[in-house]
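The following blocks contain the structures, represented as structure tokens.
Here come two complexes built around chain A, the first alongside chain B, the second alongside chain C.
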Partner chain A sequence: MTGTVDDLVGLLDTAGLTGRGGAAFSTAVKVRAAHDHGAHLLVNACDGEVGAVKDAHVVAHHLDELVRGAVLVTGGRRQRSVRFAAHRGSDTALALHRAGLDVLDVPDRYVSSEETALISLAGGGLARPMTKRRPFVTGGRDQAGRRVPATVVLNAETVWRVAQVAERGPAWFRSFGTAAEPGPRLVALTGAVDRPGVLDTEAGVPLADLLDAARPAHGWEHAVVGGLGGVLLTADEARGLHWTGADLARFGGSVGPGVVDVLDPARCPLGTVTSFLLYAAGETAGQCGPCMFGVPSVAEAWRRLVETPSRQGVDEVRAAAGLLPGRGACRFPDGVGRFAASALRVLEPHLAAHASGTCPTRRSTHRVPHR
Partner chain B sequence: MSPTADARTRPELRVDRIACTGHGICATLLEGRVRLDPQGYPVVDEPRVPRDVGDLAVRMCPARALYWSDRP
Partner chain C sequence: MGASLWYLSRATGVASIVLLTAVVVLGALVSGRRRPHGEQATVVMAVHRWLSLGMVVFLVAHVATAVGETYVNIDLVSVVVPFTSGYETVWVGLGTLAVDVLVAVLVTSWWRHRLPERAWRAVHYAAYLLWPAALVHGLVLGTSDEPLLLGVTVLAGAAGTAAVLWRLLARPHHDRARRDVVLGQEWT
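Then we have the complex of A and B:
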């Protein structure tokens, strides 16, 4: 387990490990840059996405390997600190504290676990995103112009995988997954399922197999893949695809942070989407104009559309959602825009039914009483 | 340098979204490339703007929110 950072970067590069937090960036490149700049390490165990539980799973079941991975990334150098970020008061934070680790307690808000928000919090600032004029792994400045020390943020699953790659080798790692997306990876199944939980699986498996393992509610119709930053899919679409970036990209999605949320079939999906978007509207950090006004206006346009379905209402949601991508310090507005666009696409038939005065959900639950 | 190579390597004009307070001067100076959304915040349709007018916009921004970047 000893060796230089060069050795580690070589192993990670050969293994093809990418970030498991959602951005899927090369871990070898990040670890190399972190070493070159003497960057501090923040291990993100916040499970920041809606429905995400896999960071908690890593801390609960693989803490030793997680810590070994963190030591490997920093080369065991004392001057490069390691902190573990978790939501304040969560079981994960408690477990990390109990293990005697240096814990960064993070407020339980959606954007507070975003990469630059964690860096801000770690530096004594607020847990709000910062503009990334250059990557913070090289160091930088916060909004007030104060110096920010070089810091790298890696997702907890990613750091756990670093230890696995170092200890078991790239060949072992590549025996899982696909050539494009190698390695084992965690996927959380949640929502209207009998067996919610985290599966240690791999890219390329049929999503239907993952869903079957979790036993979704009878008659389920929709699932959200990737939480608030992900996409809504019909049951047929979800069952027909493999867990790969390419398959999910056909619907505008990605494997993201690995969350599959089966929506309750007894509840009108329009209302469920309203809940998602209203939650999003309350989670903007209120820093960037296009986000603090744009995200609530998408939620409001959606609420109006559900109240009175119309072609014009659809156009209004689409226009508001279309203004979000690429216009925030972080990617939160991009994610909400993507989610809203997918909801429009998938729920078009449902909206049409509402326009003619019937809700398909209520009709089917009337015909088939819910057990 | 050929025009194509220049277009590929030239840095882009970016908005620091936290610093931006929606004065809208960039949309006036860079008409056709930058427009304002319903709340008055810039939408950058064409970030590869000519250096001179881009520099002017950077200098004139009251919030100092515009900057050049060659990051992907």
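Then we have the complex of A and C:
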């Protein structure tokens, strides 16, 4: 049976499959570690990022392959459990329950779908992130010192791709995407588009093609790539780049969990960003300072800036956002800091117009923006 | 000779009580929910630490003279083992107990960087046992027949009690309060 494991890890390594949940870590390495430590598998189908729907897509359309992938990952000598995590009451959870699978019902909270939060919940704790003293795939302890069994968390799309690689081979997998980011990947298009949905595409395609397929609203100006942990881009920037990590990195972003959210051109983007940040402020896990106080203070600084735009206000948001990265147990504050910084950069002209008493949104569309 | 040592022992004993009380008051100030911030906190913490070591000098003198003087019989064993003194077994024993706990508090603080925070904290809480034990020991043995010494000890008791109450009666820190609010939300 060990041969099967080595075969699978070899296939995944050759294929170059990386985690599709956002972190893009090597799946071969994780599966190898999971086998070495007899880790339980948690399939993350929460679609935790704002605007994400691709996990739901995988469960709705590729459930058989998803389950096959999960069995492949946990195959081996030791019997290990497989659980599918989805937000309680979601269609995804319902579909998983109907299929008779072991479902971990997760509260509909932003940080609850983070991998260590899922591990905590699966162990009977609260769905809040835990400090990673070492990777939980080797087992570990929570803050209270209770033992946490070895657990590996893989995104639903990743597990589905594992089944695909095993069935169709690494060569088929590598015929998609780029050398740096091989393989097919899902991208969700949402927001002010006529055809929202999930595209089965690949790295390297022009983002303009993906956007055109979804038919964005006429006169759209901004899009959020990667949700709350992503970046705000202008329409020109978005249209000009290819769907690769390198292109998105030029704007501080990443392919992330594959979410492109076109902002409603009839609504003032400052207000939209305010809603994003206020939502973030309410989603704190109440454990680390940057999350508990830092994220709300970024939201508050942004709200003040929108009320009375000023040079000083911009500096305050930048300073507050700059304090967030690399300090929490999870990457939630990092993501919010990145998002706020990108909003400052992209909306500078818009803020300048507000400072002189006009909103470009109002002028171009003759509609009162709603907050 | 014997009498002067006896007086020296009483004097260093009362000085130890006063200094110990100051350390307890400062400790209650820096550990409570209303603890000072920034430079103020650094100063208070430093005084708390160094004053406790300064107090040890007086305490060592107090114990050494108490054993050394010949007016009453206190042997070396009762320096370490509580309630073994031939003279005033209970009240000398309280002093011994306080010394033992103090040694534990000092050693764990010295090795704090090598200990789990919880272990250090648990031992440090024993200071709330140490201080009243030392106070009662002083009140009964050393000061009861001297209005001035009695007054000093009673004042020390009042000051320490006020500091501890100040710590206990503080409203929740905003950090604690926020944690509790978030914890009350849906997490399972």
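Here is the rule we use: the second predicted complex is superposed on the first by the 360 of 371 C-alpha atoms of A that agree within 3 Å, B and C clash if a C-alpha of one lies under 4 Å from a C-alpha of the other, contacts with A are read in each partner's own complex, and residues count from 1 in each chain.
Here is the rule we use: a contact is a pair of C-beta atoms (placed from the backbone, for glycine too) under 8 Å apart; a residue touches a chain by one contact, two chains touch by 3 or more.
In this text the structure is predicted, and so the values were computed from the model without any measurement.
Novice: With the two complexes superposed on chain A, say which partner A:Phe293 touches: chain B (first), chain C (second), both, or neither.
Specialist: Touch status of A:Phe293: both partners.
Novice: Is A:Gln143 in contact with chain B, with chain C, with both, or with neither (first, second, both, neither)?
Specialist: first
Novice: Thinking of the overlay built on chain A, is A:Pro107 touched by chain B (first), by chain C (second), by both, or by neither?
Specialist: A:Pro107: touches chain C, not chain B.
Novice: After lining up the shared chain so the two structures overlap, which partner does A:Arg134 touch, if you call chain B first and chain C second: first, second, both or neither?
Specialist: first
Novice: Per the overlay, which chain contacts more chain A residues, chain B or chain C?
Specialist: Between chain B and chain C, the winner on chain A residue contacts is B.
Novice: Pick one for A:Thr284: touches chain B only (first), chain C only (second), both, or neither.
Specialist: In the superposition, A:Thr284 touches chain C alone.
Novice: Using the touch definition from the top, say if A:Leu126 reaches chain B (first), chain C (second), both or neither.
Specialist: In the superposed model, A:Leu126 contacts chain C only, not chain B.
Novice: Could you tell me if A:Gly328 is touching chain B, chain C, both of them or neither one (first, second, both, neither)?
Specialist: First partner only, chain B.
Novice: Identify the residues of chain A that lie in both the chain B contact region and the chain C contact region.
Specialist: 287, 289, 293
Novice: Okay, in this complex, where on chain B does chain A touch?
Specialist: So the residues of chain B touching chain A come out as 14-22, 37-41, 43, 67, 69, 71.
Novice: What residues on chain C touch chain A, complex-wise?
Specialist: 175, 178-179, 181-183, 185-188
Novice: So in the complex, the part of chain A that touches chain C is made up of which residues?
Specialist: Residue list for chain A touching chain C: 107, 109, 112, 121, 126-128, 284-287, 289, 292-293.
Novice: Under the stated contact criterion, what part of chain A meets chain B in this complex?
Specialist: 129-131, 133-135, 143, 287-291, 293-294, 297, 323, 327-329
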